[in-house]
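Please read the structure below before turning to the comments.
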Amino acid sequence: MAKRTLLGRLGESVLIVFCIVTLNFFLIRFMPGDPVLHIIGEEEYYNLEVHAPQVIEEIRGEYGLNQSLGRQYLTYLGKTARLDFGNSYRTKAPVLETVLFRMKWTLFLAIPATVIAAFLGGALGLWAGWKPGGRFDLAATPCFLLISTVPTNCLAILFLICFAFQLGWFPISGITSGGLTGFAKGLDILHHMALPLAVLVLYKTSSNYMLMKSTVSLIRQEDYVSTAISKGLSQGKVLSRHVLKNALCPYLTSICMQFGGMLAGSMMTEIVFSWKGMGTLIYDAVNAKDFPMLQTCFLLISICVVAFNLIADLLCLAVDPRVREGMNHVG
Amino acid sequence: MLDIEHLSVRFGGASEAVSDISLSVGEKEKVVLVGETGSGKSVLLLAILQMLPASASVSGRALLDGTDLLTLSPREMNRIRGQRISYVPQGSGNGMNPLLSVGYQVGEPLMIHQNLSKKEALARAVAALRRFDFGQEEKLARQYPHTLSGGMRQRAMIAMGVAQGAPLLFADEPTKGLDGHRIELVVDAFRRLEDQAILCVTHDLRFAQEVAQQMAVLYASQQVEWCSKEAFFREPLHPYSQAMLAALPENGLQAETGFAPPREDSQLAGACRYYRRCPWKRSRCRENPPLFPVGDGRKVRCWNYGS
Amino acid sequence: MLGKQPIAFKVGLFILLIILLVGVFAPILAPCDPYQMGTPYLRPSAQHLLGTNDLGQDIFSELLYGTRISLIIGLVSALAVTVAGVCIGMLSGYLGGWWDRALMEVTAVAQAIPSLPVTIVLAAFLSPSLWNIIIAICITAWSGTARIIRSRVLQLKELPFVKIEQTMGASHGYIMARHILPNLFDIVFVRGVLAVGNAMLTEASLSFLGLGVIGQKSWGGILHYAFFRSGIINGYWWWYLPPILCISLSVLGFLLLSYGGQQQLGRRN
Amino acid sequence: MMHLKNMLLSAALAALLVTAGCSAASTGTPSGAGGSSELTLRVGTTASADGFNAMTENGSFGKLNYTGLCAAPFVTTDEKGEVQPYMMTSWEISDDKNTLTATFATDKGVTWHDGEPVTMDDVLFTFRYQIQKKSGYCTGLTAVEKIDDTTAKLTFEDGKAFNALNSMANFVKLSPKHVWEKVDGDYKEYQGEDASIGCGPFRMTGYDPEAQVITYQSVGEYFMGTPAFDKVTVKTYDSHDALVMALRTGEIDAMYDYSNSLSATMAPSVTGVENLNPGMSDNPGNYQLVFGFNQKPTDDLAFRKAVRSALDYELLRTSIGGEDGQIPGTGIVAPPNKGFDPSLPKLSQDQEAAKAILEEGGYLDKDGDGFRELPDGSEMNVLITPQYNKTRQPLYLRIAEILKANLEEVGIRTTLDEESVRNADHATQVRKEGTYQLYIGYTSPGVAMYDTAFMYIIQNDSNPWGTCTLPAFVAAYEAKQQGRSYEEYSAAMKDLQAIADQEVIGLALCWDKAYFPYRTDRFEGFTNIPGWGVINNKTWFSVRPKNA
């Protein structure tokens, strides 16, 4: 039974990825703007336009941009299947290489942020949800609520101005200063990472906190919690064995979604702190109309989302016997 | 062993959810509290176990073998719960954790209070289940609560309550939401608990008749009568008790007055809570009567029996 | 009715009421015409409470007028997102079968698409009119609502009154409109109100990237020029902080409203 | 199973990690010359750090090559914008302006960065490649012939020799034949290690993609002089804001950003800061408004004159040029340019005069809606089109707002061409087809030095930009293009400015300053070339460490 569901979900995921590949192609191909302008650069383009417009057409042919849309789509599908994502219009470098390099740095920022926030938000939310209206709840909830009302880029900018520019505690931008090796470089990267990490952790913690708090405060009212207390379990055991276990399914689902979205999730923070990850890559690619780059980024992001959705399902399957037996009332 | 004296519970600034309840449960004695849904029966049990939210203020005393449970610290209370008093929640509700196996949950108190290993606790849980003749108890122990029927679940929870061997059992509406046949199974389960004292709240008079030795009647959060089962069914004193009995099918369903408590705002401040419905009401009843002792250990809250 | 609502709901409503009033009465409240140009980069003074921008326009008046466009963007986006989400979720949940599969597949695709990047791509390539910005904000935002609505409809569908109507031969449209939809109200309310806040946050992000509405005064637009006309580097806090605060305050208002609604929801279930 | 204790423990650990990151902050060494004892000039830019192909002009590598850092140009320009020798050491132009006979530094012991000597073959290879790809920098070049090992003859058509010499300055660099002749296909696609090889004073030695830093090492003795520092690092920042912060915190020594000086609105952030020179110079380039001569009503001189009188130049001056901006003259080109005519009047706002001109020209508001109609009575709605440019867009939009407000004050209804704001294609199409009415654009310092803002106004065979075909203007423009010396060029420029004054073919919106700030605490001897800043072809030989 579970095996069949699993296979079904896997097939569904593949279908979703295929849809996204298709959508990717058409979404980006229907955007206005002449990609040739960005392939050869603005100055050169205007120059050629005057002196040798046929060269522009030649380039168009070289990149297959003069073929019919259907043909272009088939070519694109074939290439995607072979993991050939082509070269960047802008830098001419192989797209996959660039994307993987940038992905590494996004993950370097996003994984610690997600993990830290998962534990921090979870623990704090558990505490606040267990004692709603308590002193901790009253102090923490407004703080986290406020954080989630500030646009990410604004908070990031304020952090940048305050801690990096005015106080000078942190470097302005980038991943590392360059010219360093070994341990010194590691420290330097940590130093560069502190501010963007802090911003990401704050946001993720606040949303995790809210989720955990509301889940726990609902579970708290469940009869089985009273039962557990009536058995004489200590508070810690009630929380860990009964409350947390029941809160885990929705919480893990949400954390998995965060993991799934992490490739694009830190975009604004990356842009503000010039962190050379996927977010800045996408932004630059949008500005440069670097279609192959955009398509590859979108594809990877989507695969990541789909994969982690699958993982979330698996985790819930492991935690919740009701899901295991295919019943339709989770949550 | 348990003596409750003038116990009242109030939530925040609202009116009392439980008001002035006095009763006692002797060794191995079965006491049943009857009253309509919403009369505050369950709150009473939770109040004694100190399981109400912080917003509740509890007054009065609840002496367990001489110690007032209401004054114990949470840590001390943890040693009472499950060990001295076990609690059986409503089977129709979510009283069992959906994510843990039945066996684990039945055996859980043993792990805490007797430091048994999981395996030993499980074996004891199976033994406890066996007391109630489920059949295929090992399999049942491995099952999850959502696969059980309401009656099964209720009996499993009774097993959970007795597995540890606590001398006093609190049961909350054990027959709620069950059909006749399943009620019989639950009654049967209760009958097997000869060694335990039981304080059970229910709205089901038939169930009370099967199980109780002593009865307490609650009306609009207030205890109105306290007597033996026999006395109650033979000769109920309070008009509300009489109305309840009259409403039983074998007595002809004579319930034309309707006896659910009226809404709070339509009650007369300070008057007897049954004033609006009472066939005997007179001017004296504009003042709420205390519980009058009327001999044989019976008590009743009505001006007709005292002055 | 209001007396029984949680305090969060009331506070949220109060904040939003004030913002709404400011938006409606902006022409009366504003000390200057926000389009009137004068001396650029004035510091805050009695005449210009928050100084002037790079064109010498009064920033305080800009803020008051900006309330309108920002609210419109938020509300219209939220309306579109919620209507789309409810329609798709309801059809999918109620009709079931192939409809359900197809619509849920579409929803899953929309969820897997990176929403902010797609929004940025659209905003970057479409002309910067108010409506295009709203389209860019809405394009993937409906999927969460659709899923939640669907699972609620699946529950509602099993309820006796719906079953009875079905056996009596009532049309699907009638049942959906008369019985399903009214029972979704609370969930729609909570999701819709959240969507307003999200749309406003997205607009702020777009403005930061230079992809916001142009020509009309909105909070995002004020921020845009504060970012790109050197308000940050020169430390003109009176230029970039007030729009951030306004955005945060209104998002807070909507958040409290939905938070209160959620509490209400939890209480009823 | 996750236990509460573990969870809290992990949370505490996570918090520790964050604080560790923070404490690293206070002990770390944010600035400094990278830890080595070598003397490094640290340059910041906003051009992206990707692609190290000397045949392209992409990214920070390509843009820095305009200064002859790694690749060596044939000729450069000086502060006055006049051509100066470099790899081309001397030249002579024939009387028919079709032949350029030049000597090259192929006997000065210059080597490529891989050790191969620079020879006349490389010179011939470079020019032939320019001919083959129809380079705009060498317009009219048809042939190149070797005379001896240091001399070659370049043949042009249409008398373009002097013109080409000027337009190739800084931009056309000598390319190593031995590297490129083995490359198949498009040179610009080549990604090999040796694609960055040049024969300039610095050799590219490394690129750190994480730090976005390119490193260059001095080659030591060089025929143009020997650099007084060992290394140059070029770090890419994402915005001018970040660049200025880095300058102020001392992360870099100077800014280079070909033709993209800091916006004047940022001037306050670099003035009055310790150890920081704002690097202000007169900008040879300018923002301009161009009229569409193919469209009504902008083809009408009366209308153009009315627009000239309607605009608020004081506001434009401060919006574009800040405190240091100047109200421009009617001749469009800015003071630092060759042939600038200081005698022409400054622009000034006189809305009453504008209204009077419009009345006289027949632009009346007959239907009483507050806006004027065309003389034939049909509705008038003038389209304002800003040039498509991502970084200048906010300013273009602000300028459009000012124009809109000013023109509406004199009764001219206007609309912003929103389509052109985001859609580069549409913007290009509008420009190519010449269907615009009011076109806001920018003349970069590079263009201003020789081609000038008039390039955006003229319509001729080789120009996709302008729409103006007034015979006198076209004649003067041709005379400028074919000038054989700076005298001839300047005379033609004076004529062009006079025509601009009389015919109102376009309007400069502000004569602003360029800001290329640099630090003064580590180096001295900078030359600030207008429109380029202190990082230019002189930098590598004249800048020296302070107190050395």
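Note that the chains are named A, B, C and D in the order they appear, and that numbering of residues resets to 1 at the start of each chain.
The rule is short, and it goes like this: a contact is a pair of C-beta atoms (placed from the backbone, for glycine too) under 8 Å apart; a residue touches a chain by one contact, two chains touch by 3 or more.
Only a predicted model underlies this, so the values are computations on that prediction, with no experimental measurement involved.
Novice: Starting at chain C, how many touch steps does it take at minimum to reach chain D?
Specialist: Counted as steps through touching chains, the separation is 1.
Novice: Which chain has its Cα centroid closest to the overall Cα centroid?
Specialist: Smallest centre-to-centre distance to the global C-alpha mean: chain A.
Novice: State, to the nearest whole Å, the distance from the C-alpha centre of chain B to the C-alpha centre of chain C.
Specialist: Using C-alpha averages as centres, the distance is 50 Å.
Novice: Could you tell me the distance, in whole angstrom, between the mean C-alpha positions of chain B and chain D?
Specialist: Centre-to-centre distance between chain B and chain D: 87 Å.
Novice: Which integer distance in Å separates the CA centroid of chain A from that of chain C?
Specialist: Comparing mean C-alpha positions, chain C is 22 Å from chain A.
Novice: Identify all positions of chain A at which a residue touches two or more other chains, and write them in rising order.
Specialist: 32-33, 241, 245, 271, 287
Novice: Which residue numbers or ranges of chain C touch two or more of the other chains?
Specialist: Residues 124-125, 232, 235.
Novice: Give me the residue numbers in chain D that touch at least two other chains, ranges are fine.
Specialist: Each of 245, 390, 423 in chain D touches at least two other chains.
Novice: Judged by the touch rule stated earlier, which pairs of chains are there in contact?
Specialist: Once each pair is checked, the touching ones are A-B, A-C, A-D, C-D.
Novice: Which residues of chain D touch chain C in the complex?
Specialist: Residue list for chain D touching chain C: 240-241, 244-245, 263, 265-266, 268-269, 312, 315, 318-319, 390, 393-395, 397-398, 401-402, 405, 416, 418-419, 421-423.
Novice: Which bits of chain C are touching chain D when the two form their complex?
Specialist: Going by the criterion above, the answer is residues 35, 37, 39-41, 54-56, 124-129, 210, 214-215, 224-225, 228-230, 232-235.
Novice: Could you list, by residue number, the parts of chain A that touch chain B in their complex?
Specialist: Touching chain B from chain A are residues 133, 222-224, 226-235, 237, 241-242, 245-246, 319-322, 325, 327.
Novice: So in the complex, the part of chain C that touches chain A is made up of which residues?
Specialist: Residues in contact with chain A: 105, 108-109, 111-118, 120-121, 124-125, 154, 197, 201, 204-205, 208-209, 223, 227, 232, 235, 240, 244, 247-249, 251-252, 255-256, 259, 262, 266.
Novice: State the interface residues of chain D toward chain A in the complex, per the touch definition above.
Specialist: Touch list, chain D to chain A: 1-5, 7-8, 10-11, 14-15, 17-18, 20-22, 24-26, 28, 30, 34-36, 48, 50-51, 53, 56-59, 133-136, 139, 188-189, 191, 208-213, 215, 233, 235, 237-239, 242, 245-246, 248-249, 251, 390, 423-426, 428, 432, 462-464.
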